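Consider the two complexes below, in which chain A is the common component and chain B and chain C are the respective partners.
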Partner chain A sequence: MRTAGAALLAGSLALGCGSNAPEVPKEFLGGSSGCVSPDYPSEGLGREPGGVVANLCFVGYRAPDRVAPVAAHRETIAFSDYYDPAGTKGVSLLLINTSAVWCTACIDEHRTLPAQAAELAPEGLVVLSTLFQDAQQQPASFEDLERWIANFDTNFPMVADPELQLEGYASSDSAPLNMVVDPRDMKILRKYVGNQATLWPFIESELKARSADR
Partner chain B sequence: MPWIACVAALAVGVACTSDPAEPDANAGAAGEPSSAGSSGNGGKTGATPERCPDGTNPRGDAKPVDLGIVSGQLVDEQGDPTSAGLVQICGKDICINAKVGSSGKLAENVGQTLDTPACKFGDGLTWGKLALPLDSGDTELGSLTTVRLPEFSESVAFVPGESITSGGVTLHLDAKASVEVDTLTYEDDSQRGFRAAALPEAALAQLKQDFVAGFALSPVETRICPSPALSLENTANLPPGTALTLLVLGLDVSEHLAPYAAWQEVGEGHVSDDGATLEFPDGLPLLSTLAVRVKE
Partner chain C sequence: MRGLLAALPLSAALVSAHAFALEPGSVAGQPVRVDVSESSSVYYNFDNRDSKRSQVATRVNDDFGLVYNRLSVQGTAGSLSVGVRVDNVWFYASPNATQLALDLTRDAAPADEPGYFRNKLSEAGIELSNRFIAWMYPSKYYLTYSSPVLEATLGDASAQLGRGIVLSVRKRDELGSDTTIRGARVSVSTRGPLRLKLTALGGELNPLRIDEASGRYLGVPASHDALSSISEAGMPRAIRTDFAPLTGDCQTSATCGYAPDRIAAGQVELAGERWKLGTQGSALFRATPLSEDLVRSAERILTLSQSVEFARLLPELSVYGEVAFQQLSHHADAPRADPGYGVYASASYTPRDVALTLEGRHYRRLFPLSANVKLARAREFSSLSYNQVPTTELEDNDTEYEGMNTCVSGARLRGDFSLRRGVRALGSAAHYLTYAESGSNEACRIATEQLNRVYDVSSGFALDSSDRQRHLEVVLGGRIDSAERELQLAHGSRSHLFYSEAYLRHQLELPITSDFSFSLTGRHRRRAQAEGGPGTPWSEGEEVFGVDWADHSSLGLGAEYDTRPGVPHRYFNVEVSHRPTPSTRVALFAGQRRGALRCVGGICRLYPPFEGVRLDLALRF
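And then the complex of A and B:
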């Protein structure tokens, strides 16, 4: 059972199993500027399309398909990590997604989200998803986050948001939220409350347009 | 994944040879989307490691519905107000948690368009889970009767090759049965045993179907392969030999096994010769809320 496996693994790490392991390469763990990013846009902040998304900061896993999602590998992940004004990070588009264990629409969405993220990653799409509550509407724990990742084979940055930092962008009583952000200026391009069929055609057309611009 | 292999080695006392922290060279490819069970790759027990096959129920077309105010009064089996743990207005696209106070009163001003919306009540943990489809505009659902599941301490482990019983429901598990539980909702083993409770008459009536019996099962959306034969307590005192139809309630928006918020026929059966039980030898494809209809 994968969940039990993750728990056992954490124990095994504590006991030194795999102590001859090589270091995890920095490219799999790094990339975070922390919660402070002086270069991040500070003007025009907003929660609707046209506004700049605030530089929110979470803890989670940047590449859970490459680095086992266990406590030792948790890291700070901020929106500023994907701010790419000069196009040097290779981020063409950022999709910020919210999810909760009680949300069946979120579960349905995450069954296909890893495949969609992988398909469009070469075009520069980065998906960043937050898990904010468990099945009983309690703040999501890291254990919830790790179970979620194991269940869906998550292959994009996935973080816990027990403090409901994205509450201002959509009510936490309603999920999922999908917010498409331009990494060049961190402006919100579109907001979709729900797993809407129109989301992916928009993303694909935006990526195509950006590819043509390059 | 190497770290899973490492765990397997530890479990049998063999030296751990795989490094869980080492990046998987093959891990850059897209993860296969999960589809079985309600939450993808669920926790499994049983001798057969293979996953249950995906259901073949086709996903229905989108049905956008403009919702207004959804109201009702939640009560338990005794008619006392309850919040039933969780009350939601959920479509296939959006899920909204409704506010229900200790008075049990529901008055959710949705004001949105949802795809195939339903009012879902009961958390599947303490309470059985039910769903009623919603039409456009304001909806007064009236009295919504919920059913309390047995305590977790009274749950029964899924043991391949054995018959397990809870709340008048018996599952006859194949010796090679594989069990997939929703490990997101049911967080640890203490919550992953089998529990069931009969739906009281008022709960059956609110479904507005011609059901003669119904039971809420947990863990909701558990898949058991091969499907276990099912025996139900004859709570309706139906005469021996009566031909029956078994239905399950679709609670998963992906609809692999049953349409969302609708009832799917999954087998036929009959009342046992001694009249004590309702027998469904074809098996139950998933644990959900189920109902029985007399076959015409």
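And then the complex of A and C:
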């Protein structure tokens, strides 16, 4: 009986071997019509600390505290907008943040995020936040984004990410993700999963070090 | 191909069902006993209906199948025993990254199809890099010497010091975890009216490396010293895939999910006839942190406690108390956390016909000893921790949000009153003040705007027949969790109510004949969560109708519901189990189970919905 079982297993394995790779339609393999920025680093792309964050682009509001967040004011915002190799844009550090309406930790974080962003903006911190899902975990709409901005008096660039473009950096289940990026080379310095108090001492020490370098 | 898939679990089951037993003999005049146990689980997960548009995480948990084997062999001769458990997992069906990306692209129909497809392919590739990979590894092994005065273990050992605040590593079946310390453990005891027991242990912490529910594994980095090269020999490693390069650094390698923690711990217990004093401590040492939260980024965590127990202070009164201190040490450039402390106490008063239990807690910055797991890549292991700080709540309570148990004061009183023979009244009341639930507060700042007030009550009755064969228990309960500050609701309004719940639990056991009995067990909840959550109040619950036949066979028919918007509302399942011999068990589960947070004593894990078939076989020789 044991021999028969082993033979059946071996036979099953042998039959199971082989390629069943799905065919990718040609239209999916063409050039992307998405973000284009010739100067943006193309080497060393990665999703872990030390890797260069891919140049993703979104639609949202660049300055929702100064320009009313309504449909007419939506614009495309890309990571390359904050790429600052020569230090000419005044961006010392980029904080990429994710949030979702269902996420209690994200709500808690955004209660204080505008104040922290305002406090550290003079030192060169730019916060870019994405809203990716609504309360039912469906892709976030612009209405969700506008309500979120109104609820929290958002004063930094905030975009909708219904395509969950940042899911590859940390699972959307474990939101929020906070990713600290060096705008000089767009390398990820650190990733924080969940609303973590340890994020801010790191940002402050990095800003201090960069200020001393200048 | 479908036929092949169906044949695979069967063939694996046939193979795994054949374990063997060694003939007993003797060593140095001592009889040798060899126990062999083999446990196999064969799963197939169909589409669990949780898929969300553009989300890889909810697509990747569909349509996979696995065979999980646990083979344990233990030999005992006199005071010596030696054992090994080997786990192996093999996935006979698993998702394909390209197919996932194609499906997501077709469903979303994005404007930029090539860009979207490439991004999803990369996301799926990384997600699959530490999932659905076959491994075989020595999950546990040990050599133990045991005598009335000395117990010594080399290899894997479980441990709990005090009530678990300092250290608690053990098996938790409900959460699919079984953590041990792989190293050495020595315990020396004296006998007599005044007993002294000294326990010392140290080594690397060894959780199970494969999560059956998700197919995820915990990969470790290459060994960096002699201890690691021994304790991690043969364990699942971080691997290189097309989507996840190995950089030589665990922090930057996506498939490196766990850097083993090291621990040294000890306990001194002095006991008399009715009392026991215990002093216990643990020092946890991290390798490079893989997550940046306050606890996982600590280089060293020192936890000490002093406990006192009076088994019968008065004839009907027993009390226990434990005071603990905790110090987290970080790198010089990291934030400093003030030392934490906690007091846990319980008293049990059991005069005739009454059982009263009062449990209290007062914790300030008392954290779980979380394992050094990379949360961004192995979220299923986020609940792994090496202690268990008592919550004083129901064992399966799942409504302590965020860091509630790290900064809380309060108590719970439970009563069980025997009104007359076979009739009991049950009740409990609890009140807690918590400062780390509706807002992040790792510093445990005591301020009104951080405060949540929690009230939790339950009341019910239990009826038992005179032969104790028939049993009915019904409990009604509720919980109100209110924040002092105004909370922001999703639709823009404001409220103080953070969480509320009303529930009904019941259990009916009814023998029909001497061989047959029926049971009906259920729990029904009406819940509302102000911030986050689904945005509207919802109901959820389950009923299980069971039939037991002569202690060796059972049938369970289950129905579950969940009215949250965006998730399936109804779930049905059937479970059949049979014990053809006392040492053999076969169980088959088929159907659906809703996704839920499952908690055991404050340690919680979020399980996705399950929809599929699971066959379990357990043999013991």
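As a convention for this text, the second predicted complex is superposed on the first by the 180 of 214 C-alpha atoms of A that agree within 3 Å, B and C clash if a C-alpha of one lies under 4 Å from a C-alpha of the other, contacts with A are read in each partner's own complex, and residues count from 1 in each chain.
Keep this in mind: contacts are C-beta pairs under 8 Å (C-beta built on N, C-alpha and C of every residue); 3 or more make two chains touch, one makes a residue touch a chain.
Keep in mind the model is a prediction, meaning the values are calculated, not measured.
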item: Which superposed partner A:V67 touches (first chain B, second chain C, both, neither); value: first
item: Touching partner for A:Q136 - first (chain B), second (chain C), both, neither; value: both
item: Touched partner set for A:G87, first chain B, second chain C, both or neither; value: neither
item: Touched partner set for A:S205, first chain B, second chain C, both or neither; value: second
item: Which of chain B and chain C A:W102 touches, first, second, both or neither; value: both
item: First (chain B), second (chain C), both or neither touched by A:Q196; value: both
item: Touching partner for A:D173 - first (chain B), second (chain C), both, neither; value: both
item: Contact residues of chain A, present in both the chain B and the chain C interface; value: 1-2, 4-5, 8-9, 12, 20-22, 24-25, 28, 101-108, 111, 134-137, 147, 150-152, 173-174, 193-197
item: Residues of chain B touching chain A in the complex; value: 1, 3-4, 6-8, 10-11, 16, 18-24, 27-35, 38-45, 62, 85-86, 88, 90-97, 99, 112, 114, 123-125, 183-185, 187, 251-254
item: Interface residues, chain A side, partner chain B - complex; value: 1-5, 8-9, 12-13, 17-18, 20-22, 24-25, 28, 63, 65-68, 70, 72-73, 100-108, 110-115, 117-119, 134-137, 143-144, 147-148, 150-155, 173-176, 193-197
item: Interfacial residue positions of chain A with respect to chain C in the complex; value: 1-2, 4-6, 8-9, 11-12, 15-16, 20-22, 24-25, 27-35, 46-51, 54, 56, 101-109, 111, 133-139, 147, 150-152, 162-165, 167-174, 177, 190-199, 201-202, 205
item: Interfacial residue positions of chain C with respect to chain A in the complex; value: 4, 7-8, 10-12, 14-15, 17-18, 52-57, 92, 96, 98-99, 102, 105, 108, 110-119, 122-123, 126-127, 245, 247, 249, 251-254, 291-294, 297, 333-335, 375-377, 379, 382, 401-402, 438-440, 442-443, 488, 490-492, 529, 531-536, 564-566, 606
